[in-house]
Structure formats: C-alpha cells, structure tokens
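Here chain A shows up in two complexes: once beside chain B, once beside chain C.
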Partner chain A sequence: MTSLLIERPLPHGGRLVERVVRDKEVAKKMIKGCPTYDIKPTLHFETGVPVRNVYREIMSICYGFFSPVEGSMTQAEVERVLKERRLLNDWIFPFPLVFDISKEDYKKLGVTKGDRLVLNLKGKPFAILDIEEIWEIDDPERFAHRVFGTPEDNPEVVRQRFDKKHPGWVIYRSLQPIVLAGKYTIINEPKFRPPFDRFWYPPRKCREKFDELGWRTAIAHQTRNVPHVGHEFLMKNAAYTGDIEPCHGILVNAIIGVKRRGDYPDETIVEAQEAVSTAGYIKPERRFVSICLWDMRYGNPLESLLHAIIRQNMGCTHHMFGRDHAAVGEYYDMWATQILWTKGIPSFGFDKSPIDIPYGVQIRPQNMREFAYCPVCKEMAYSENCGHKREGISGSLLRGMIAEGVQPPSVIMRPEVYKVVVKWWKHFGYPFCNEKYVRDKERDLEVELEDL
Partner chain B sequence: MTSLLIERPLPHGGRLVERVVRDKEVAKKMIKGCPTYDIKPTLHFETGVPVRNVYREIMSICYGFFSPVEGSMTQAEVERVLKERRLLNDWIFPFPLVFDISKEDYKKLGVTKGDRLVLNLKGKPFAILDIEEIWEIDDPERFAHRVFGTPEDNPEVVRQRFDKKHPGWVIYRSLQPIVLAGKYTIINEPKFRPPFDRFWYPPRKCREKFDELGWRTAIAHQTRNVPHVGHEFLMKNAAYTGDIEPCHGILVNAIIGVKRRGDYPDETIVEAQEAVSTAGYIKPERRFVSICLWDMRYGNPLESLLHAIIRQNMGCTHHMFGRDHAAVGEYYDMWATQILWTKGIPSFGFDKSPIDIPYGVQIRPQNMREFAYCPVCKEMAYSENCGHKREGISGSLLRGMIAEGVQPPSVIMRPEVYKVVVKWWKHFGYPFCNEKYVRDKERDLEVELEDL
Partner chain C sequence: MAHYILVLLDDKRMEKIKGSPVEKNIKSMFGGELKCIEVNVPDELSQKILKTFDTARIDARGAITDLPVAFMREFFNQIAEKKSIGPEVIEATLEKADQIKELAAKESEYLPPPDIEV
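And now, the complex of A and B:
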C-alpha cells in the first residue's frame, strides 16, 4: 500500500560533499603563508611507470562523487575500511583513499598535524589539505593484499592471489610510506579540456540535469570502453527495470584516469559513448554521458560498491552490473559483483547485500547476465532468453580487427561509433593508447589550471 | 534497509478460491434431488450470434482465477462493483459477474433463494449454484454503459460512447433479465481437449509450476494473439524489470473464449505462443504458456485490472501493460490502462493506482510504450530508445499477408510461429476463425465432460 514509485536517493551519507572554494579572494587568503607541495604521479614500484594521480581522487572527493568521504583517511579510518569496509561515521566505503608522500618529501616539507598544505597541480595552486594526522604505511604489499582480499581471507569471491599483474594492486603496492590525513578543499577549479568539458557533471549538476530531463528514475552504466552493440544492449535492456515503468534515463558514467597501453583513449571512449545517443540508438532525452576521475582499481565487487556510491551521489536510482564488473584477469569470481549485491560477502563485512544493511547504499542493483549475438534470434540475445548458440563478442578480437583497419560489422559495432574511433585514431596516430599517449596523458592530465 | 527482493504475492483477497469437488460420490450426494438447468450461450441481443458462455466464468471462479469472487453476484455487490469497482468484502474487482437466465426459464425452473441448482454443460452435470438471491436487470443497455463508463461520467479515459460495435458492451447488453446470485461449485471437472489440456494451469498448479522452475519473480503477458516479433520483444524487454535482477520468468496467459470471425483460432494462438519458447527465442525454463477461460470484455483499463487479479492469483509478481491494452476501437484513451496503473482513474473509484490503495492488488505493473521495427537499429526498437523512423507492425496488414498465403519476413514473424499458423490453417481450412469455426467452438467449447 505504499507507493511503488522510486524516488531519487539521498547522497551516500546523507548530504553531498562539496569542498570547492570559488571565490578567488577567499582562496588566496586561505592559502596565504602555507607550505606547498607539487602533486606527483604514483609510480609503479618496479617499473616507475605512472599508475595513479591523486589529483583525480581530490577532484572526486571535493565535487562529491565519493560523498561522504572528505579527504585523505586517518589510520583508524583506513583500518576500519580494510576490516569492515566502513568509514568511521559508519557509512560503507570500499577503498582506502590516502594522500601519500615519500619520506624525503616529508622531511623537506616539515609539516605536522594542524598544518595546511597547499597542493599544486601542473605548477598552479589547486587544493589544500588540512592535516589532521600523519601516519605511515609500513608494509605496502600487505596493505595492497588487505585492500583486495586473498583466497584465504575472502574465499567467497577471491580465486587467485593478487600480484603485480593486477593494476589496482600495483597502485596500493606503489604508495609512498607517509600519509598526510585530512580534508581536501579545492581552491582553484581546474578546467576540463575538450572533449571532457562537456561530459563533466559533478553530482549536484548531474542531479539538476536529471530534473531538467524529467528523470525520476535513472540507471547507471559503468564504462571505460568504446561501446559495441553488446554494451548498447546491456544498457538498453537493463534500463527496462525501474518501478512501474522502465527507468526514465540511462546515465553513462565513464571512469577517466590512468591508461594502459592498448586501452582506448579516453577521448575516444566519451565521444563513442556519446555517438550511441546522437546517432539515435538510445535517444539523448533518455541517455547522456558523464565522467568521473579515478584511476581504476579493478576491484570487481569492491569497485562495484564504489561505482554504486558515485552514481547514487549523482542521483541514480539503479545501477546495472554485468559479468566481470570492473574486473581484470581472474582474481575474482566472474560473478563476484552479483554475489555482493545479491547476498553480500561476509568476509568483506557484508552479511547481506549493501542495500540491505544499516548505513548501506540506497541505489538499487540490476544484476544482469550476458548478451551475445545470436544468428537465429538475429539480435544481441540475452543468455537467459536465447536457447541457441550465440557468438560472444571478444573485446580483444574486436580490438584486433580495429587495429588491422577492418571496420567491424554493424551488428557488432555501430558505424557511428566506429567513426569516432577513426577520428581519434587519426588524431593520435593509433586507435589505442600507445606509450606516447600514456606519457602525454600523465603529463597533461585532463585539465588546465589558471593562476589563482 | 528492508530487502528489495520481491516475493510472490498472496492471492487477491488473501486466499485462493477453490470450489471444485473431486470426489464423485460426494458430488452425487450434493446434487441429489436438485433442479437442473442446461447452460446456454448468451446470444447477441440483435443478431442472435453467441457472444459469451457463462461456463467460462464458472470455471475461472471455481479454480480461483478470479479470487476472491466465489459466484454470481448479488444486486448489492453488482451495485458496489459498478460504483466503486469493489466487492462487498472491499477487495477491488472490475466487472459484474452474473448468472443470468430468461424470464421463461425462470418461470419453468421455479427456483427460489436457498435452492441448489445443478448446471449442466453439454448435457452433463457440471456445477452447482446455491441461490442466495434472485434479482432483475431492468435496463441491460444502461447496465452495459455503467460497466464500461461513458465520456460524461469517465472523462479521464472514455473517449467515445460505447455501442453495439463493442463486443464487451454487447455481452452486457445481451444479458438475460433474471440473475440467480450465489456461489458456484464445480462438481464434475471438465477435461480440456488438446491442445488446451497442456496449457491448463489453474492458480494453485501455476504457483507450483513456478516453484518447480525456481521462479521467485514472474511477469505476466496478456495475449489473445499469435505472437509477432513485436510481441516477443514486448515480453522479453518488459521482463527485464524485476527486483535486483530481471524477472525469473514470463507467464504468457492466453484468454480463451468466444471468437469473432477473423480472430486467430485459439488452438493456433496457444501453440504459436508455445513455439516462441520451444524454438528457443525465450527458453522454456524462462517462459511458459497458460490459458484462462473468459469471454473478453475489451474493457482496456478495467480489463487490465481483471488481468492483474488473474495473474496475481496465478502467482505473478509483475504484469506488463502496453498501448491499447485489451482494447477494441477507440472507446478508451489508448493509454487508459497506463493511466489507471500510474495515477488511478477517480471516476472508476481509483484515486490512486490500484497498487496503492487499501484492498488493492499486489502485482506490480510494468507500463511499456511501443516496439516497432527500425531498419537502422536493425531490431524491434523501443519508442523511448530509438530516434529513427520505425515501422509499426499492423496486425491487420500481417493478417492480410497471411491470408494471401505470404510468409511474413522473419524480422516480423518467427518462421516457427508461422509454421503453427499453417498447421492449424490446414486443419481448419482457413488461417483465421470463419463462421464454421465460431459455430463449432460455441457448440463444442474447449472441454469434454464425463458422466458423473
């Protein structure tokens, strides 16, 4: 007898975190006389290749994507996150987030708790960190294992011990030992370079956009890929969930961050995703593309929890999850994310689904199986419907085809999507991220900063 | 924080009505010495063509499809149904259901309240009616208008005054004046003739079948049609709703009853629907076909409410509704059913959706828009997704094509479905119901009865 209509959820933790000072005069006063530190990329502990840039975390925290997280975590908070996947305020959260520096830099800086540190990005003041605590990561390898779990400690979902082939594990393994914990505040808003600028919908703006479009219900689609028709079908079909009618909208949220060689460039990803709507496969009134800055940890169930939090903060009522969500390799069970959202993963602190526990999330999961092309059904058929032999789309095969200059058949990739791939191929000289792209990306990032 | 998992609803009214005596000795005792009456079809008030057979209502009531209705309604109950669409026990119900006889038959029978009347079907004892009240329909035309509504009284959804071109209105207009009100009990179970026998899943058996298939959630699909690919897409896509995952199953429930010339034969409908699953377009583990006996009233929003009640009783958690649900002509707004399920129709007694009111239904609506073939998307595209020019499938055009012996293209009708059309075409000599079929159907009905 209560209405079945699903309303937009509150932000995770009850309110949106917004730690952005827009008044330059105020900002200048805030940083006056404070020590400064130039943000550096996290470098691979063995190869020295950049694997993370903490500026992305600062952006996502200060614009509220990660609400209710407000900064770099204290040791007690990290401990609780690792043990129970909860913040000290009880709200669930999957990953430790820290501002880490080397011992040398720490010595040079000479800061202590209570100090305000100005963080420079690309040589310009960007944010401040009000230091509440300084602590040390004594064993980054053990730390990394605790973040992702082990087959012994997390037998429900961890199938293989994490190692340096896992890019998320490498990020934690590569952290510098000294953590400056405390709240971040952006005091000089970066400007996104095209094409990223038009996809920048931080949570408040995103919620306003939903109002503008008249969306009560919206389902989130996680991506870091150029969409093939299988992805399009996952989106369209998962979106038929809702309440008494299908979801009003589909929010594509692309995770933008550190790239590996062979990934599609982020520019290609966002514009190719956009093309699905501009070309009319899913109308722009029903779907738009947005970005979130984050160096993917590939934490499958844990990553899905972060995704849920991000998109709940953006205003979505639902989140679709497919097979091998945010996964790499076979470290986790291929259905680990669905296990989390269906019954919970006790060893990670979830006796039940994160939607069914106190201080859990409010966004609703839509757990989906697989789509693959069926020549009898003549469509991207759903594994639970189609009783014929289907042809899975192998991402690697598709990339191989593209690298050879072969346009994939339109049942596999929409021609308008392929056109975007070609556009950026011409721009970068190669359809996928090569060493130059990865290097330039890390140097230039996605943003420019003005003087304060 | 309560689980989002949707559980199978209770029957409408709290418990399944089951009024079937299976012990022949008991049955014989029950009817000993009682007056008998041979069930007659309701004949069109002008043309004399059969338009209804009350045996179908007796079947649907006694096997619990119409729970909590237990028999032919008293005058007070009919009045309440017409005014508030509620039974005297407060549970909502859309249509008056009565056992009507002519004044001549009434005189001949000489029954009064308290009498038990034995109802014969095809010359065999079939059911009993324990008479609680005898009342008279004084103005069947006014009665019929009250059943369906008028543009003046129901401006939210009625667009045109009902008349004799509306087959449901004709049924009520053609009722005999004397109503024998009281509970029905089947005392001699009819046997369905093939192919109907294998589609007979009365509510209890249907719920057991769901258990067997492991379906927690199931969405109902109303049909009285041979499925074209548009119908298949409506089914498949509406079924992606559910709770934290798509519905586990799709229950196709075909309304079997009086036919009009040009309809598909019921035999064709049930086997063509079955072919969608046996041919692997929607696996048999995920979808099965069932029947319910009822002479369609084509009451669009009111009919949708009956459908919801029937399928809630059968155990479904969801019911899909499309455009012009159970409609004929343009008497109702083409979205009248969605209006009912979205916000209610106050003039019919529903200030809110029937899911949001006391003594309402528990099955959840899935309000869908339209599917049509899009040559760009290369699929039956959903009107809310596809931004291209789509080709709607005209049922009449498709029938015309079939009548001319042209096999429809497989993007419009699956070849396995067409094969069923041809099979029964050979059997009946014509792909659609002709006069002979309609006449034979009314004489033979769907069942055989043994001696008691």
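And now, the complex of A and C:
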C-alpha cells in the first residue's frame, strides 16, 4: 500500500471518553443516598428566554464528542482555556464548559468538594457529577468577553465588540455564578425522540458505521441549516479531496440545540439533509447525517476548532470549512476560521495552524471558498473557477422566499428538500422556529428518560 | 459594508409596478427563475431597522434579512405606491412599525403552509 494513504485519526487526546453506565443496578448503587438537583435551562440574563441546557453538554462529554473533556471544568482549567485554549492536560480546546448553579440553589444543596450530585432531567435521574471543586464566576460579562475575544486583544480576527445581539456571548453572560466542577457520568441513558433517534451516532458508533461502509477517509460537513444546492456542491466538491482518491464518505453532522426565532426547526434540518441523499443527489452509500447536542456559541474560529475535535472523535479524516463558519453578524472576520487553519491566530494561543502544534488536532482542514449560481455556466460554480458574475444564495435569502410563500427554484433548493420544509411547516404551523417552538423545545428537549 | 433589502417579485407584484420607474430596477436571478429588486438601505436606516425588529439580521451578503413578512408586504406596498426605491419608502415603512409588529406577532404564531403534496 502506498504511504500516501491517510488513516483514520485517533480521538483527540488519544482515547474516546465514554462515561455511560448501562447497568441499572450498578447505577442505582452509585446514586444511593446522594443529593439531587434538577437540571435547569440557562435563561437569558435580560429576557429570561432559555439560551442553553447543560444536559446537551453532559451528553456530548459523556458520549465522547468532546474527548478528552470529562466534565465541568475547574477554575484553573477554565483559566487555561481562556488564556491558551488548552486543557490542563495540554490538549487544545476552545471553550470553557461548566456546570453552573445559582447561589440560592447552592445554599439549598449544601454540597461540598468530594460529594456526588445526582442530576435529574425531566424529573428522572440522568447523570452524576462528582464534585472536585466549587468556584465562582465573579464577573459574567468579562467572562463572556474573554471567551470570544475583543478587537483590542484579538485584532487578527475580532472586528466588533461582542454584545447581547450575539447568542453565544449571551450564553456565557447568562451563566449562574457558582460552578460545580468535576466529572460527569450518565447513569440513565436518554432515548432520542423521532426523528432524532435515527441520526444519533455517538463517536464509537460512528466509527463502527464508517467500518461498515468501508470508509477509510471521511470529510465532515458542519450544518445548522436546511441545505440549498450551494451546500450540496460544497459537499460534493470538498469531498474530492482525500489522499490518492476522493474521500470515501461525507459525514453531515448537525448541531442540535437551543434555537433562535427564525432558524429552521431541528426536525426539518436533519430530514432535509437526509433528503439530499435519499433523493440521490449524493447517494446514501457516500453520505449520511448525524447529530451532536450543543447550544451553538457561534464562535467562528473557536467554534471551528470545536467542530474539528467533535468530527475527529467521530472518525473523520477531513473537515470542510467555508466562509463565515459558525458565524452570526460581523463580529469576526468572515475568513477567521480559514485564517486559524492556515496560519493560526496567535492571540488565541495558536501561532500555527491547530494541526501543526503539539497536542493539536489531526483532522485535516479543507478550506473552501464559495459556490454560487452562474447564469453563464448554468451551474453552481466555484468562485475560484468561474470567471463570470455569479449569484450568491444564502440561507437567509431562502428563508425570506419561503416565508413569503415563494417555492425556491430547483437550481437553488431541491424540490425534495423543500417538501421536507413544508412537511414540518404543516406539523408546527410555521416554517421556522417561532417563540412557541423555542419554548416547547426547551421544555421537551430531544430525549425521553425511563425510570431508573 | 452597504446593506440592502431584497424584494422578491411574483406575478402579482410585477403587475403592480408595471410601467413605473421602479421597473428598470428589476433584476433576474438564477437563470431568470426569480425576479427581484435590491433596495439600498443607508446605514442610519439599517441600524433603525435592526433596532426596531429583533429578528432582523444582516447576512453574509450584506442583505437585511429575517424581517417580518408583514414588513416585507408593507415595504412592497410603499414601493408600489410611491413608485420609488429611495430611502422614503424605508422611512414610510418604519412609520408603520407598530402596526407591522402587531401583525408580525400573529404571523409568528402561524403561517399557512403551501398546499403541496409532501
């Protein structure tokens, strides 16, 4: 075999974190006599609207999506993440992850270092947190600015000071002050509700699925959107990279979490992505859809690092990155993610690309420019190929069209994808996430739990 | 970056601006499958729109998007009435912000889905 072949990378940190107890009797023993706490959503610091649910982080940590992270971070670890974007074991990681509670709840609980806390979800035991340290966030606004950077401290990529219009900044600004740090373990596996259940491929299962499909190389596609034809062409063309042949497969990984009004419902996103394959535009043998639970921080380059870690853990060899990756507004340079993967961002702790530094990631970035419709070529054309004036499509253009009752032309949205949009529109009475959807989703979440 | 609002035109809307000076601003998109007008929005007014309507955002192309459907309808009505795509149509639409918000509140609960087989 040629030495040019690329092998599937090890998980970030060297091994997959799996902190799930499947034996109910063992689980019952583990929680006997322990204090309990009902997981609450993080509410917007001003409006009180849910902006995050820590259960999603617990799921992603315990099933290994965020390997090598094993729990809620200690103060020293958070400090290191904020200064150098590294965990205390040196592996790079972009965001602080904490289990935060209010001072009132902390007083009521009366827990101390060394205690085991049972975390209930929807009234049922879900996970445990073995408390190693209790610390306090003294200034959540400063904390939020440190997470995302500022134009003064990170002039390479931050273009505008973050504020309450940025949903990720709001998450950190809205954290409760007391952090219980320690490892999580799931002791009662939640069951995903349809349609999410068929897209649940935690890292170990995903790697097994790659084996089953015969994929040595796979390129990841990040999504939080219904695909338009530009996305489809991005996927198809990015997948031509690989080693001596194109990537064997495309892993679509949808981030499922708290929604904002105007987004598409998560049910629509996963099924619309699936429709691209079931309708044969990229055949199912070469592409499948999966999910990861996470309340998007919209941290552009920082978010891209998290995406790389998640998809390396899932077994991907490559990750495609486009313009404005995981971005909202104009807070970051539109190419910030590609800058990170090309030469690093020193002010965030990366003087080189995250693939070229010790304890960095191994997944290979595939930086892509843009696809847009060219009326001369009469196809979705790549900006670096086509010399004509092209017409860009964006998710928001399509949202506007759909809201106004105009079916998008098939050159920009496949009819099968549009049918999925209308299917869930009929179900929810609305094509996008409205206040009711957002409220119901955060009440019902994506999972159900059985009694332990 | 200069911002703009994209107004989509179906047959009914095309009829309403037929023969007016606005007609010369009609653009054809995606190989002629879609007709539209791009209305430039001065910075001061784009900030006002973003402040007034909390769902509004600026996308990667510089377009102001995610405005209520009621805003887009009124915006087109103003274009058709004033036969212009100047700042006065934006100002006139913003003057009706309270009325638009009222309609948008209902709209944000329910929008009739298209009658297609799924």
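Convention: the second predicted complex is superposed on the first by the 450 of 452 C-alpha atoms of A that agree within 3 Å, B and C clash if a C-alpha of one lies under 4 Å from a C-alpha of the other, contacts with A are read in each partner's own complex, and residues count from 1 in each chain.
Operating definition for what follows: a contact is a pair of C-beta atoms (placed from the backbone, for glycine too) under 8 Å apart; a residue touches a chain by one contact, two chains touch by 3 or more.
Note that the coordinates shown come from a computational prediction; the quantities given were computed from them, not determined experimentally.
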item: Which superposed partner A:P151 touches (first chain B, second chain C, both, neither); value: neither
item: Which of chain B and chain C A:E330 touches, first, second, both or neither; value: second
item: First, second, both or neither for A:V411, with chain B first and chain C second; value: both
item: Partner chain(s) touched by A:S353 [first = chain B, second = chain C, both, neither]; value: first
item: Touching partner for A:K378 - first (chain B), second (chain C), both, neither; value: both
item: Which superposed partner A:E435 touches (first chain B, second chain C, both, neither); value: second
item: Which superposed partner A:S396 touches (first chain B, second chain C, both, neither); value: second
item: Touching partner for A:G387 - first (chain B), second (chain C), both, neither; value: first
item: Chain C-contacting residues of chain A that also contact chain B; value: 378, 411
item: Residue numbers on chain A that touch chain C, as the complex places them; value: 261-262, 323-324, 327-330, 334, 373, 375, 378, 391-397, 399-401, 403-407, 409, 411-412, 419-420, 422-423, 425-426, 429-431, 434-436
item: Sites on chain C touched by chain A in the complex; value: 1, 6, 8, 10, 29-34, 55, 57-61, 63, 65-67, 69, 72, 108-111, 113-114, 116-118
item: Residue ranges of chain B in contact with chain A within the complex; value: 1-4, 236-242, 244-246, 279-284, 286, 338, 341-342, 352-353, 355-358, 360, 364-368, 376-379, 382, 384-388, 410-411
